[in-house]
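In the two assemblies presented below, subunit A is common to both, partnered first by subunit B and then by subunit C.
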Partner chain A sequence: MNQSKVMEQNQNNIGVLEEHSLGVKPRFKVGDRVQIRNMPYFFYTRSQMWARGVQGSIAALTYPDLVPEDEAFNVDGRVEQYYIVRFRQKDLWPGYPFDNDTIQTESPERWLEPVETK
Partner chain B sequence: MSLRTELGHEREIIGTLQPATHSPQNWNYELTGPQYRAYMHPPHDVGGQFDVSIEHEEKEEEQWELNTYVTCEVLAWRGAWTAEERRRRADNDLGYTMYLGMPYYGRWIWSAAKMLVDKKHITITELMDKFVEVKSRYESE
Partner chain C sequence: MNKAQDYSTDGAEHHHPAAPMVEEITDFEVLEIAVRELAIERGLFTAEDHRRFTEFAESVGPAGGSRLVAKIWTDPAFKARAMENPVKACLEIGIDWSKPTGFGTPSDYTHLTILEDTPTLHHVVCCTLCSCYPRPLLGMSPEWYRTTNYRRRLVRWPRQILAEFGLILPPEVEVRVEDSNQKCRFIVLPVRPAGTENWTEKQLAEIVTRDCMIGVALPRPGRTTDVHPIQKARRPVHSSSAQCERHSHERSLQ
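And then the complex of A and B:
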């Protein structure tokens, strides 16, 4: 990521870039409903199984960066927007006792798909 | 202990590393979709899996662990690999059995050696010869 960009603190206390660099146009905005795609496993991914198929919302846009799957094989040309995605703990773990607890995880754009809200 | 006895013990240990589910032949073509996905699943993605409780332990790094860490970082600094490639090799490519059985920094140094051989920075025969040389030096001390 471009370290010269000015960081600011948003309401979630997460450092986010003031403006987007590297020509990346984010697909999602804060508040959008998304879920983690169930992508095929081919040799390497950092997309976590525990979050796949669970609906959450975009809590923040972090920065554009390399895609880990590509970077792990020394392909460093492609850059994607990263997001902080927020889930309800109750949606993730069966029997979780507290309604208000949430957990946040970071995902590059390619791990996410939009959820149609009715 | 004779070499043959030593190798016999090693073979017994290898026998204990067999996974609970395994095919008696390696030519089975009857993998179901879910079984296939389970085999392809990256070993490091352990979040949400059931496990026994783990006792928290305060333990300082040993010298070989610090040496391993610095070696891997220097290799990255010199452009041999990135942190993500190291994670791919050390947390993923070595497979479930080694992932679950090797020490944390043991996986790091395994992946550094494998990377250097894969990328032809060193040859595997050079590595073997050097290993034997250094081991015999320590044994003679």
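And then the complex of A and C:
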């Protein structure tokens, strides 16, 4: 019952990743190059279109939790790691005039795929 | 013939029926009412619980967030604890994220990340999904935060949005937009402004307004409220110098 485990995590000690990792082994670490997959979804997702297919890097590991696509249908699905992913605005919008500007989004692991770095 | 008689007479020449006292509500509000009534019917919570949750949610304002930032500014040991586990650190300033249900504000999550600004990095938060917001710390989100205008434009034109709030940052400062699109809630920790060196926590909290913690304003001595000047709409980008010239020409003709 992953739903009840996640709920318990949130009730007991919110945000303490180490103590409540629910046995999740993160696939990525901070600094890894990733891109947001462009997957189909059924009625509900929290993976935004603006970030699909864009390459960025892992900025932080946040918490393990159920994915929204399962939660929306009350499916007791897999618990997985969530990440904050950072993109350069220049990589998102052609002609964006400020070199340093960045944008971050949060994503569960299944929406991320590694990017080969040369 | 007086007015009272006029209203009661069907088909009278100057018949002005009273407007029906029905407020317009959106489809989402209808959906919320339907789900709420079903939940009460099924015994998931009582009508009394719902009233209590609503009153709790509406009573929370941004003061908690201001206290959090002020304490972080003045207490390095607290800052370390807050950056390590923000939700736990909130308990030290009397904010319990699990309230009032035991597992948080209804319908919201209980993960928090503090986004620390530096002199060369400025954070600003939006939620492109809807209006995700650190409600235990900041209360209900302001109306503009929920508009599609703010949400979609902040992702694409962050500096223009900030400029509309009166915040113009030099190009060398990295503007980092945080889309609060999953379960983390975000609060901006601004840089402590100069001229506040000997201030108490209480004094500091007064200048840390809601807008400073969303990232559309910077705290400074003397600025204690979020006042948005009403500005004339203008093309945010791609306004070529020719257009600008035409504008000023038109204005000079008036």
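The working rule: the second predicted complex is superposed on the first by the 97 of 118 C-alpha atoms of A that agree within 3 Å, B and C clash if a C-alpha of one lies under 4 Å from a C-alpha of the other, contacts with A are read in each partner's own complex, and residues count from 1 in each chain.
Keep in mind that, in the parts below, contacts are C-beta pairs under 8 Å (C-beta built on N, C-alpha and C of every residue); 3 or more make two chains touch, one makes a residue touch a chain.
Treat the numbers as computed from the prediction; the structure is a model and nothing was measured.
Student: Counting only touches as set out at the top, which of subunit B and subunit C does A:100 meet: first, second, both, neither?
Tutor: In the superposition, A:100 touches subunit C alone.
Student: Just to be sure I read the superposition right, which of the two partners does A:24 touch: subunit B = first, subunit C = second, or both, or neither?
Tutor: Once the two structures are laid over each other on A, A:24 reaches no partner at all.
Student: By the touch definition at the top of the document, which applies to A:48: first (subunit B), second (subunit C), both, or neither?
Tutor: both
Student: Which partner does A:68 reach: the first (subunit B), the second (subunit C), both, or neither?
Tutor: Touch status of A:68: both partners.
Student: Given the superposition on chain A, which partner contacts more residues in subunit A: subunit B or subunit C?
Tutor: Counted on subunit A, the partner with more touching residues turns out to be C.
Student: Touching subunit B in one complex and subunit C in the other: list those residues of subunit A.
Tutor: In subunit A, positions 46, 48, 50, 68, 93 sit in both the subunit B and subunit C interfaces.
Student: For subunit B, which residues are in contact with subunit A within the complex?
Tutor: 37, 40-42, 45, 47-48, 81-82, 84-85, 87-88, 92-93
Student: Considering only the defined contacts, which subunit A positions touch subunit C in the complex?
Tutor: Subunit A residues touching subunit C: 7, 10-11, 13-16, 46-48, 50-51, 60, 62-63, 65, 68, 82, 84, 86, 89, 93, 98-108.
Student: So in the complex, which bits of subunit C are touching subunit A?
Tutor: Touch list, subunit C to subunit A: 85-88, 97-98, 102-104, 109-113, 128-129, 155-156, 158-159, 171-184.
Student: Under the touch definition given earlier, write down the residues of subunit A that touch subunit B in their complex.
Tutor: Touching subunit B: residues 40-46, 48-50, 66, 68, 71-74, 76, 92-93 of subunit A.
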